[in-house]
Amino acid sequence: MAFPKKKLQGLVAATITPMTENGEINFSVIGQYVDYLVKEQGVKNIFGKSTLGMSLHVSSSVFRRYILPGYQLDQVIIHVGALSLKESQELAQHAAEIGADGIAVIAPFFLKPWTKDILINFLKEVAAAAPALPFYYYHIPALTGVKIRAEELLDGILDKIPTFQGLKFSDTDLLDFGQCVDQNRQQQFAFLFGVDEQLLSALVMGATGAVGSTYNYLGKKTNQMLEAFEQKDFSLALNYQSCFLIYFSRLGFGVSQTKAIMTLVSGIPMGPPRLPLQKASREFTDSAEAKLKSLDFLSFTDLKDGNLEVGS
Amino acid sequence: MAFPKKKLQGLVAATITPMTENGEINFSVIGQYVDYLVKEQGVKNIFGKSTLGMSLHVSSSVFRRYILPGYQLDQVIIHVGALSLKESQELAQHAAEIGADGIAVIAPFFLKPWTKDILINFLKEVAAAAPALPFYYYHIPALTGVKIRAEELLDGILDKIPTFQGLKFSDTDLLDFGQCVDQNRQQQFAFLFGVDEQLLSALVMGATGAVGSTYNYLGKKTNQMLEAFEQKDFSLALNYQSCFLIYFSRLGFGVSQTKAIMTLVSGIPMGPPRLPLQKASREFTDSAEAKLKSLDFLSFTDLKDGNLEVGS
Amino acid sequence: MAFPKKKLQGLVAATITPMTENGEINFSVIGQYVDYLVKEQGVKNIFGKSTLGMSLHVSSSVFRRYILPGYQLDQVIIHVGALSLKESQELAQHAAEIGADGIAVIAPFFLKPWTKDILINFLKEVAAAAPALPFYYYHIPALTGVKIRAEELLDGILDKIPTFQGLKFSDTDLLDFGQCVDQNRQQQFAFLFGVDEQLLSALVMGATGAVGSTYNYLGKKTNQMLEAFEQKDFSLALNYQSCFLIYFSRLGFGVSQTKAIMTLVSGIPMGPPRLPLQKASREFTDSAEAKLKSLDFLSFTDLKDGNLEVGS
Amino acid sequence: MAFPKKKLQGLVAATITPMTENGEINFSVIGQYVDYLVKEQGVKNIFGKSTLGMSLHVSSSVFRRYILPGYQLDQVIIHVGALSLKESQELAQHAAEIGADGIAVIAPFFLKPWTKDILINFLKEVAAAAPALPFYYYHIPALTGVKIRAEELLDGILDKIPTFQGLKFSDTDLLDFGQCVDQNRQQQFAFLFGVDEQLLSALVMGATGAVGSTYNYLGKKTNQMLEAFEQKDFSLALNYQSCFLIYFSRLGFGVSQTKAIMTLVSGIPMGPPRLPLQKASREFTDSAEAKLKSLDFLSFTDLKDGNLEVGS
C-alpha cells in the first residue's frame, strides 16, 4: 500500500498512564479512559510515549490495551525514542506488531552534536524497522538540542523516508512551521502542532491538527475552538484560547498536575506520577478544583455521570 | 490631558535612514520617503531608532524632518534607548521638544542582571522625563537579555507609569503576548507585534498593530493581509504571509539587505549602510531584483512612476 | 562497611566500545584494550556508559568482561543513566552484581523542568538500588539542562545519599567546581573533572582526578602533565596541555574521531561507531596519522609492538 | 613608534566612579582613590568604562583626573564602546587627547548578527581613530552575543590592526583563552583575564594579568596569590582564591555591592550607584561589614582611622 495512508486529523491526546497508588500501571481503567476521550472529549487519536518509565515489555502491554477491538480510537501513534538506535528500532517493530497506526521519532539524545546527515540517517534507520507504518518526525528542539530548522530537515526526510506522513512540531518558531506547511501543502501530510497554549496561532499558519497532554481534559473546549476557527469566528476562538491561557497555564502542565487535573475533570483515577515525581499536593488539588468549578469545567464530569462528586 | 491619547493603529515602519554614498544622512529624500510610505505603502506611522549611529544632535535633526507640517504621518514614535539613564532621559525630552507622538523604551544594556524592580524603576525614570508623551514599552528579550515575561512586567508598568500606552513585543512567545492582550483588553492600549514574519499568528492573539522594517516595502501587501484577516478570509491572509515567508525571509532582514530591497522597490536611493556594515553586493541586488520581478513586486515602482527602471 | 570506600585516584578513561566491522561488540579485544590502558597509558580506572547503544543484557556482558580477574584495573565505574527511574535502578543493581566499583548517576532526561528536590530524590532512589556501591554524581548541565549549581546540589546529596563518594564535573564553571572542592575538602571524596581540554585549570582548583575519552590515547601524556603539576613545573605542564589543545581539539572529540585516533595510536582495532554515526573518513584518518607522526605520537604504538603499521 | 609599546602587567582595576549622595561625580576623592589603589592595594593600572552613565564631556573630565601628573598609575586603559561607530571613534580620539595608555574595544551592541568580517572591520575602524594608542580587544560574549571564538578573531585582528597589544578575555572558555595565549606567545601581548573568581585557573593557562572590579578591594590579596603562584606555592594560591570564592562571590559583584564593599574596605566614600540602581541596603552593608571583619579584612579600614596595619 502506498503512502500516505489515512491522514491523521484533529486533536491527538498525549496519553497519561493511569497508575495505582502502589505505582503499578492500572490496566483496569484504560478502557474507561479511552471511552472518555472519544465520547466526552471528542478526541479520537492518541500519542503514546512508549519508553517513559516502562521496560519494553510493559510498554508493549500498555499500548496493546489501547488498540483492543471495540475501542473507537481512529489512530494510535507511538513515540519510539530510546537511548540507542537498536532500541528505537525494536520499539518501532513492536509498534508494528501490536497494530499501531504510526510511529513518531525524535532526534536521539545520545549523540551530540548533530549534523543534518547524521540526524536524517538515524531517522531513516528507525523508519526502516517498521516499513509499513506511517512515520512522523517529532521536532522538539528545546528537548533534543537540534538546531537545524524543521523546514530544512523535511527536505532531506522526504527524500529518504518514503513512509513519512507528518510532522509533530513542538516549538514556537511559527515561521519555520509555516514554511514546512507551505512547501508541502500539495501532499496529504499531517502538520501537528505541539505547543498547546499557542494552537490558535499555529492554526492560522496551516496546522492540520495538534498533539498535547491538555487535550485529555480540554479536548472538547479545543474542538469548539477549532470549530469557531473553521467558521471564522475569531473572537470566539480567541476567547476559548484565552480562557485556556489564563487558567490552565497557571495550574501548570507537568505530569503531576496533569494527572490531578485529569482525575478531577474526568472522574477517572489516574493515580500518582512515577517516582521521583511526587503526587500533586492536596493544596494544589483543592485550588484546582475551585478554579475548575468557577469555570464550569466540572460539568464535563456532570455530563458523564450526572454527579458532582469528582476525583474522590 | 489624560492618557491614553490617540491610539496607535495599524502598521508602523521602522525607519531606514537614507544616506548619501559618502555616508552622510541624505536629508533631501526624507520627504519623498515619507510620501512613499503614506501614499504607496499605506503606512502612516513610523518608529525611529534615535541613537543608532548618530550623535544626539544629528539624531534630533533627522527626526525633526519627519515631523514637518505637510506630511501625512499619523504618529512618529521615537526609540530612546541609550547607554545611560541620563542619555535616555535627554533623548526623551528631545523627542517631546520636536513634537514626537510617543517614546519607546527598551531595557538598558548597561546593567545586568536585572531584577523586575530595577527594570521598572528605570523605565519610570525615562517616562518621567517626557511626562506628556505616550510611553511604549519595547520588549525584545533576545537583544536585552530580559528574562521576565512581558505580562508580569506590564503589571508593574501600569502601576508606575501613567503615560503607558502600549507594548512593542518582539519575541515569539505568543502565550506571553496573548496574556498581555487578554489582561488589558478593556483599555485603549496598542499591542504592536514586532516579528514581521509571524504577524498573522499574532493577529489571531489580538495584536492591534505591528512595527517592523519590512513594512517599508511590504506595507501594502501586509495591509492587504490585515484586510483579509479582518474579513475572515484566512486562506487569502495566509497566502500573503506565505508569499512573504518564502521570498523575503530568504533575502534577509539585515540593514544592508533592507536598504537594497527598499531602493529596488521604492526607487528612492536609500544609500549604503553605515560602517562597519558593507553595502549589499551587486550579486545580492541582482538576485533580489530578479526575485522581486518574478513576484510582480516591482509593480510598486510602476505604480509610482510608470517605469520599470528602479534603483537608479 | 562505611563510606567513603577506597578513593578513586588519577585518570579515568571513558571506555570506547570495540566493535567488529559488522557492528557487533568485539569482545575478543577487550582484554588487549584493558591491558593497553593500564600498561601503555598508565590509566587504571574506567568509566563505562552502560546504556549507550546496547540493551541491558548486552551491556552487562560487556562490562563483566572488564572486571575479569587478572586485569589490573583499579576501579570500574558504571554510568547508569536511563530513560526511567526503574531502568536506572536495574542498571545500578546489575552494576553491583557484576562487581563494579561504583555507579555514576546523571539527572534524567525524561523529566523537565527540574526542581532541586525532584532531582535529589531521583538520585537517592537510584543510589538506594545499589546500597553497597559508591555513588558519583555526574554533573553535565549542557546535556541534562540542570541549572542548579553543583555546589548547591552537593549539600542536598550529602544529606540524603550516604554512599556519595564523588563528583564528576563536566562543565566550565570552575567557580562552581572550586566551591564544591573547597567545602568538602575534609572528606575523602573524589572531585573528577570532565572537560579534558581544561584539566590543568581544574587541577589548580583542586581536582583529584579526571574522567574523559581522551585518556584512552593521551593518558600517558596527561599523567606526565599531572606529574609536572605535582612537581610544580608549570611551564612543562602547560606545554603538555598546549600540545593537546592545539592538535587534538582540532581533530575533534566525537565518537568516530575517537575510535579512529585510538586505533591509530594503540594499534587495537576499535572498529566503526554504531549507526547512525559513520566511520571516520579515510581522509580524516590519513590526516590524523600525519599529525600524530609529526607529534611523535605513534611512538606509543612503537613501544607496544615495535611496528609502524597501525590501524590496519 | 612601533608596537607593541610598554606591556601592560599585573592587575588592572575596573574603576568605580565615586559619586556624591546627590548623584554627581565626586571629583574630590579621585586623587585619594588612585593613591589608595597604588599604595594600599598595589594595583597600578586602571580600566575605565568611559560611556557608562556619562555624556562624552563628563566622561572626558573624569578620566583626565586619573591621568594627572603626580599619580603613580602605570597605565590607564579606556573602554570606548558606544552605540555607534562614530561615537566609538570620538571616544578613541578623546582617549588619545587626554593621554590614555590604550583603548579597549568591545563588539558593538547595535549590529546583530555578526559575521567575523563585519566585527573585525568595526574594530579596525575604531583602532584607526587613535593610531598611536595600543589597542585591546575586549572579548565578553555573554554581553555582546559574539559567538566567534577569540582565537579565531585574533587571527584576523592581528592581520588588520597594527596597534593590537592585548586581549581582555571575560569568559569561562579557558580552552579558547589558552589557544589565544599559545599561538601568540612569542609576541609581547597582554593576555588579561576578566573573570575574577577564576583567575587562578587562567594563570595556569598563561594569563599575564587580570582586569576586574574586585581588584579595587582585593588587589593586595590577589597580588599575594600571584606571588604564591609565581613561587609555585599552589596550595597557598588556592587558599587565597578559595577565601575569595567563598566570601565575595556571595556578597555579589554588582555595582551597588562593589561600591558598598569598597567604601567599607578603603574608607573612601564611593557614594551610591547611579539610578536606576539603588544604594546597597543598610542590611547588606551591616552583614558585609561583619563578614569582612571576620576575615580580618577591615584592617584596610584602619588606614582610614589612623592605622597602617592591613590584612596582616
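Going by the order they are written in, the chains are A, B, C and D; count residues from 1 in each one.
Keep this in mind: a residue touches a chain if its C-beta (ideal position, glycine included) is under 8 Å from a C-beta of that chain, and two chains touch if they have at least 3 such contacts.
Note that the coordinates shown come from a computational prediction; the quantities given were computed from them, not determined experimentally.
K.L.:
Going only through chains that touch each other, how many steps at minimum separate subunit B from subunit C?
P.N.:
The least step count works out to 2.
K.L.:
Treat each pair of touching chains as one step and give the shortest count from subunit C to subunit D.
P.N.:
The distance in steps between these two chains is 1.
K.L.:
As a test of understanding: of all chains, whose mean C-alpha position lies farthest from that of subunit A?
P.N.:
The most remote chain is D.
K.L.:
Please report how many Å separate the Cα centroid of subunit A from that of subunit D, as a whole number.
P.N.:
Averaging C-alpha atoms per chain gives centres 52 Å apart.
K.L.:
Measuring from the mean C-alpha position of subunit A to the mean C-alpha position of subunit C, what distance in angstrom results?
P.N.:
Each chain reduced to its C-alpha mean, subunit A and subunit C end up 37 Å apart.
K.L.:
State, to the nearest whole Å, the distance from the C-alpha centre of subunit A to the C-alpha centre of subunit B.
P.N.:
38
K.L.:
Of all the residues in subunit B, which ones touch at least 2 other chains?
P.N.:
Residue numbers touching two or more other chains: none in subunit B.
K.L.:
Viewed as a graph of touching chains, is the assembly arranged as a line, ring, star, complete set, or other?
P.N.:
ring
K.L.:
Touching pairs of chains, which are they?
P.N.:
Every pair of chains meeting the touch criterion: A-B, A-C, B-D, C-D.
K.L.:
Would you tell me which residues of subunit C are touching subunit D in their complex?
P.N.:
Spelled out, the residues of subunit C in touch with subunit D are 172-175, 178-179, 182-183, 195, 197-198, 200-206, 232, 234, 237-238, 241-242, 245-246, 249.
K.L.:
Please output the residues of subunit C touching subunit A within their complex, sorted ascending.
P.N.:
Where subunit C meets subunit A, its residues are 51-55, 82-87, 109-112, 118-119, 121-122, 125, 143, 255, 274-278.
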